[in-house]
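Letters A, B, C, D and E name the chains as they come in the text, with residue numbers starting at 1 for each one.
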Amino acid sequence: MNKPLMDRYKTFDFVRKPVKPGELDVSHKTILYLEDVSVSFDGFKALNNLSLYIDNGELRCLIGPNGAGKTTLMDVITGKTKPDSGSVFFGQTIDLLEMDEPAIAQAGICRKFQKPSVFENLSVFENLELAMKADKGAWPALFARLNGEHRDRIEEVLTTIGLTEHSAQQAGILSHGQKQWLEIGMLLMQEPKVMLVDEPVAGMTHQEIDRTAELLLSLQGKHSIVVVEHDMEFVRSIARKVTVLHEGSVLTEGTMDEVQNDPRVIQVYLGD
Amino acid sequence: MLNINSLNQYYRESHTLWDLQLSVPEGGCVCLMGRNGVGKTTLLKCIMGLIPVRSGEMLFDGVDLAPLKSEQRAELGIGFVPQGREIFPLLTVEENLKIGLRAARRHGIKKVPEHIFEIFPVLKQMLGRRGGDLSGGQQQQLAIGRALVLNPRLLILDEPTEGIQPNIVSEIGDVIIRLNKAKGIKTPLVKEAAEVKNEVREAIKIINREMGVTVLLVEQKLPFARKVADRFCILERGRSVASGGMDELDETKVKRYLTV
Amino acid sequence: MLCVRPGIALDESTAETAESQEVSEQQAETVLDPFADALARLISGSMKEREQASEQLSVTGHPEALPVLEALLDGRLYALRDKQTAVIATESGQGYRIAEASTGADLGLIERSDLSKVNITNSLRTKLRKKISLLQLQSDDASVRLSAVNAMVKTADAKTLELLKEYESTESDEDVLSSMRLIFALNDLQNNDKSVRLDAMDTLKEYNSLEAYNRLSVLVEKDSAGNFIEQDVEVRKKAQSALKKIEARLQFYNSVETMFFGLSLGAVLVLAAIGLAITFGVMGVINMAHGELMMLGAYTTYVMQQIMPNHIGLSVILAIPAAFMISALVGVAIERGIIRFLYGRPLETLLATFGISLFLQQTVRSIFSPLNRSVTTPEWMSGSWQINDFLSLTWNRFYIVLFCLLVFAALLQILKKTRLGLEVRAVAQNRNMAKAMGIPTARVDAMTFGLGSGIAGVAGVALSQITNVGPNLGQSYIVDSFMVVVFGGVGNLWGTLVAGFSLGIANKMLEPHAGAVLAKILVLVFIILFIQKRPRGLFPQKGRAAEA
Amino acid sequence: MKSLFLGSLFFSNDKTANVVLFSLIALIVLVPLCNAIFPSASALHFSAYTVSLLGKYLTFALLGLSLDLVWGYCGILALGHGAFFALGGYSMGMYLMRQIGERGVYGDPVLPDFMVFLDWKELPWYWYGFDQFWFALPMVFLAPGVLAFVFGWLAFRSRVTGVYLSIITQALTYALMLAFFRNEMGFGGNNGLTDFKDILGFNIQSEAVRVALFMISGLALIGAFLLSRWISCTKLGRVVTAVRDHEARVRFLGYRVEMFKLWIFVFAAMLAGLAGALYVPQVGIINPSEFSPLNSLEIVVWVAIGGRGTLYGAIIGAMLVNYGKTVLTGLLPEIWLFTLGATFVLVTVFMPNGLAGLLLKKREEMHT
Amino acid sequence: EDTIKVGVLHSLSGTMAISETTLKDTMLMLIEEQNKKGGLLGKKLEPVVVDPASNWPLFAEKARELLTKDKVAAIFGCWTSVSRKSVLPVVEELNGLLFYPVQYEGEESSKNVFYTGAAPNQQAIPAVDYLMSDFGAERWVLAGTDYVYPRTTNKILEAYLKAKGVDEKDIMINYTPFGHSDWQSIVSDIKKFGSAGKKTAVVSTINGDANIPFYKELGNQGVSAEDIPVVAFSVGEEELSGIDTKPLVGHLAAWNYFMSVDTTKNAAFIKQWHEFIKNPKRVTNDPMEAHYIGFNMWVKAVEKAGTTDPDAVQKAIIGVEAPNLTGGISKMLPNHHITKPVLIGEIQEDGQFLTVWQTNKLVPGDAWSDYLPESKPIIADWTPPIMCGNFNTETKKCSGQNY
């Protein structure tokens, strides 16, 4: 692997473009750096010296057995879980470990949860409105008004996720699949630089899965996307580069074909 | 084994299930299909008695379910694996499994049957961990295992493949062989199992065939459904619009009812 | 402005004293038996006369004199209303069992109204105790002799000393002898011979005696002009070092005492909170009626004592299961009648149970009146375990600490070892799924709430032994109970235990320095700050689920 | 656009809210009017007793409203909200106390009576300035506001939530109660502050002042209601509702949850302080029992009975429960607690969303 | 119409119900009896009972309700000082009459209030005198609940003791919160304080509910009345009826009345009480007697004035005499306090007091203590020409009046 070359610390300071601290710097094409990240719970190592790099604009699939640490990885990136060791950088300069969840989200890393979590007492529309990219301070929120442009944006997303009819409905009464869609919609509203998508197609019909795949494909380039899924058909349909996680560290990385034929992957994950 | 006739259900004012018909033959495996939000989960919850129905009849082995409470339905031998897993998050895996023992007592089951750990070995490794800490897939396995503790005669599964890794097959294969032998049945399942890629699918099949459990399944993924189930039933906007043997599920029906 | 003058003061009026002396002289002429005469005057005379009569009794040497004096001191000496006969009465089932004071002969049962009590005042009581101690020195029972000698430590005068010296030769019990030596040493401190004084100090410094400490302290004190009261430097030095030795032990015993106070306060907190740890901590019902369930337990104790007034100790023991049953039944009724409609709406349970608490309070007020009820402390729970002069542990507190630990252990077993424990947690975490798994949630809820309420009732029995049994009992513990449960970490029984004890001990450590009010405020502030550090209490529930 | 905005401020989609609002407006217009027009013998005349009673209810309604913001909207079950009310009350009480001046029983021009007879030689520093209304008035907001800010800042930043938060708010008010009970604190101990004489130079017992205080309370309530309703309609309101549903999720959308909670909490505390400040001159006493945890619990009960999360529900609840208390303590002095307790139970069981919920349901039924 | 209404303002719920409910019943009994005697001015008396629920602002509200809505001729009520303070401006504003039956800290005299309980000079000082002379106490513990009554009383006592030559370090003062229930440390401190060689006595102004655990702890830690007697000012027969009195025997209380007082008036009163309350076990206590005296004085004053008009009654009542239950005749003084005997009793096992000392004359209540420097120059006199509750004899000024 070409890890040493990519290691952020191996880059001499003067080579780097001077950037304002806190501003995203993707001059090295890499948008997310995870290096030697370890997380343990009561002695159980959920992540074990994991290193992973996501390129700017890439669509990356992350697969691996149940419990391999995929969700935990996302927890680490979004600030929900603090790793025991290792470093996590957003671009060249932003140390995510020093930031809390809102700061990370504001910096442009957004996430869809494995278990769909939407605001059950708000309407579908309001769910999207809250997610919308905007100043998220308390004071601006007090005086924020929805303008036409905003509405159009929300309508657009509603159409994309097929919930236009349910716009005024409380999110709590949506079915499981509808909630999945709504959460994808919320992700879209945030217009993030990095999207972390945890099992987006669970509970969807075949056709919906295809639509999701299309959607994700259309987003790549504009956004860097990390998708976790167990549905191999879906993964195959979107994957450029696939990373396989196993027991908290990267087992292998490569194209779908490479991965599928990797005997270790077959053994721990795919089966014969 | 399960017969549902003209079932109507409302969420407050909104009519969700309309004159629904469904029958699950003894020993069969029926797959309930339909787009998002048509009422599949709702129907299963009605059968479990978790939400009230407005009218209609539900017979389980000729017993009317209507007057029975959820827990009594469980005791009759209906096992439920809900959508979203619904693990008891702060109970350990072991405790989660033990929960079913009360209803299983009537079958003389006093401790968590070993075969569950054979089907889902990961549960054995994680016995002491809190259910809520498990990964999504592990939780799903726990949910199925938990339902099996009841020694159910009818197993209801709501999208059980959701979030499960595509292998576990090889491991389970061995388990099944041993299960079979214990039961004195010599079905050459090993080979078949080796052929199948999806192990949960296989597990369900095995549970269905070997333990004589009838299965009612909600599944979106067509290939899986085809593989596992012998009958299907399609819902649309709360109505049952098509049903029959799995082989009768042709492209037109799929186009008409399942695509968006 | 003020016109406070001694009026009918009982022992000031010289005229009265003279008069009564006259009377006694007359009586002395007519009645020959001094014992019978003294007895007669004891029950009929004025307080002054009673004092003289008891004096007279103590010197008669009559075998019944000691029992009569003891009865007088203990308030068991009565006079028959009709015939002026002195009797010693003991309460028994239907009335009072009486024995003739002069002979000790049993006179059978009698109604309370047929008796009139022979009252005594403090001053007489003090004198009686002294006399009884002297008489008790001749007792066959070493422990009686020991307490008699101990009673003399403070007050021994020259006459007593002589008497003690006399008894010393015949005394065989080591403890009694040791106490006697203490008295002699204390006396020697005043001796004119310096070497005797120094020797006495050597003896005294080994004793855990407050009296010794006080007497030694005097030796090192200065008067108002700043000069030492004791002139002799050597004596002062020696006293100083003796004091130091005693002080070190005193300090140690003081910290043991503080610890015990803390533990016992903690035990009360734990008892009060532990039922709540179930109804609130496990079931999630914000049970504002918890205090009232304790109150019911306390009232049950009261009722039990009313039912069996002659078996106070037994009644308290029996009150434990009874209180458990009653509070548990009320709890089940509350759960079945009201709470069960509120599952899934935990905050609303606060409102409903608040209503219930008002209701229960008023019910008790209506049935038992708003007044406090008197709950008698059984013999074995009153008084204290006098380890030495510096340390004594009160029995009631001691038993409550034990009881608390017992209740805790029992509860832990129930929750850990029985199905109920598992099922109730499952129900609390996911009611619908629990149902679908065949758990009869209704029964589990009722039983759990009953269990929590029953424990509250049991706590009430304990509280009845240390505080008011009245309609406000519950109110005074509810806030603390919630505080303990939350501080310990909701849903963690061990947390409740540790929290209760640590808050109790913290409070008692602060109290001597800050005073009761400030100590309590400081503890509250500490809880507030602590929760900032550990937002889920001492023993938080961990894991993904708890964080979400 | 602007006028539309104002209109929507007064007329919301919720009819009940409008009814409540206009009844309040009617009340504060009618009462003074009747008082002025009709002679005191007339049946339509509101006696000073009724006016101050109504005034008191209005301050309670304001207090309930402020709790509803915190509880109903933010999901923070504050069991110590009475503390802010009491602090506002004490601020006002201190002003009124200083107004007594030489007319105290010991005639000390500076020291309040309780300080004189406890042998205090000079005014503690924290009493300085309270002789000036312009100082006392901001303190009415600042004292509770600063406490709420410090407490909330600590608690919300540490992510103390749920019952933990509830109980430490209770601990807060309990600690304050004990502190204010202490005579050393210099707030009059258990007796608190009482024996007030004037406010802004007017006799506090005069009927005109009573009516004025009543009107100010009414206006304050209406103002607070409109302001709160406006807040709840903004995006901030929706964020706060989302926080109530699923706090952690809101963070992942980039919102600083603690700040949202904090500002609502501080705002509500200030409203509660204002309520306390208006309450004190109308009842004539402020003492530490206002800090008692039980009092704070009662506020929760008002809101729950009225129906939480609706704002007007809190107003209805506070007014009705207190009116009930007034009537029952006079009518059924011996058993009114039964009635009150039973009401609480019945309302919770049969009206899950309080009176507001019941009204809503009735309306829905009428429509269908 | 044809009744005269009498307001009864005692808490029937909440923390004070424990003490005040009895006083409500006492009032009902007194009114019933007066009606049996034919009422007052030819009219029946009608009690109006309300429940201020131990809530101080509610006391004010209820007082206002009684005076404006029910138009009562007089109010009998309050127990705690703070409740009285809360009611005070209301009765002054509406010119009502309030009869306050509980011993209190003094430092007050209102035109509209009649203080039938003891002022500090009618309870505290005599008790200390007794302990000093009779028991020979040299060291003092002043233990109280932290509120005005104990604070003031202790201040007065402290000044008094110091004036009697007691050293500063021989006085220990301790305050506890209301309802304090864990007395272990304090009792242990008292024990230690009392074991220093000098005779020690405790003066307790501990209030209500805190007393039971206090005495239980005293008993259990073996603090006996012979070693360290406790004299209490707030523990009466009613409080004792809720305590297991065995360990308390010999401890003292100072009051103006004991149920055990052997007079025919008292016997009749007790009998009447038992019949009224239908419970022969109920006890009587000092505040009940205060209401008895206060009510009879009011009746006499109304008869004297021929009207229930407050101004007329206020004028008429000064100087009115009514028998108390201890064999004397109490008199309403110009300062609106009354004359009372002071009794000191030892607690007996049956929960009664054995009187061990008694003043031979009635002691007039002093509104403004002479032992506090600030109140020394102040007097109260509601007769012309002074007509003031706090008249400063030095500045000749009358301050702090609200009417």
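Please note the rule applied: a contact is a pair of C-beta atoms (placed from the backbone, for glycine too) under 8 Å apart; a residue touches a chain by one contact, two chains touch by 3 or more.
Owing to the predicted nature of the structure, the values given are computational and were not obtained by experimental measurement.
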item: Each chain counted as touching chain A and chain C at once; value: B, D
item: Two chains sharing the most contacts, counting C-beta pairs only; value: C-E
item: Identifier of the chain whose CA centre is least distant from the whole-structure CA centre; value: D
item: Per Cα centroids, the chain farthest from chain D; value: B
item: Separation of mean Cα positions, chain E and chain A [Å, integer]; value: 75
item: Separation of chain A from chain B, taking each centre as the mean of its C-alpha atoms, in whole Å; value: 31
item: Chain D-chain E separation of Cα centroids, rounded to whole Å; value: 35
item: Two or more partner chains touched - positions in chain D; value: 178, 181-182, 248, 337
item: Multi-chain contact residues (two or more partners), chain E; value: 12-13, 146, 175, 177
item: Sites on chain A at which at least two other chains make contact; value: 41
item: Partner chain D, residues of chain E touching it in the complex; value: 12-13, 49-53, 55-58, 60-62, 64-65, 68-69, 80-82, 85-86, 88-90, 93, 107-108, 146-148, 151-152, 155, 175, 177-178, 372-375, 378, 389-390, 392, 395, 397, 399-400, 402
item: Complex contacts: residues of chain B adjacent to chain A; value: 11, 35-38, 41, 83-84, 122, 129, 133-138, 140-141, 159, 162-170, 194, 197, 199, 220-222, 258-260
item: Residues of chain D defined as touching chain E within the complex; value: 47-49, 52-53, 56, 100, 102-107, 113-114, 116-119, 178, 181-183, 189-192, 194-197, 205, 283-285, 287, 289, 325-326, 329-330, 333-334, 336-337
item: Contacting residues of chain E [partner chain C, same complex]; value: 12-15, 17-18, 21-22, 121, 125-126, 129, 133-135, 146, 174-177, 179-182, 184-186, 188-189, 195-197, 209, 212-213, 216-217, 219-222, 225-226, 229, 238-239, 241-247, 249-250, 342, 346, 348-351, 354, 356-361, 363-364, 366, 370
item: In the complex with chain D, residue positions of chain A that touch it; value: 78, 80, 100-102, 105-106, 110-111, 113, 117-122, 126, 129-131, 136-138, 141-144, 186, 190
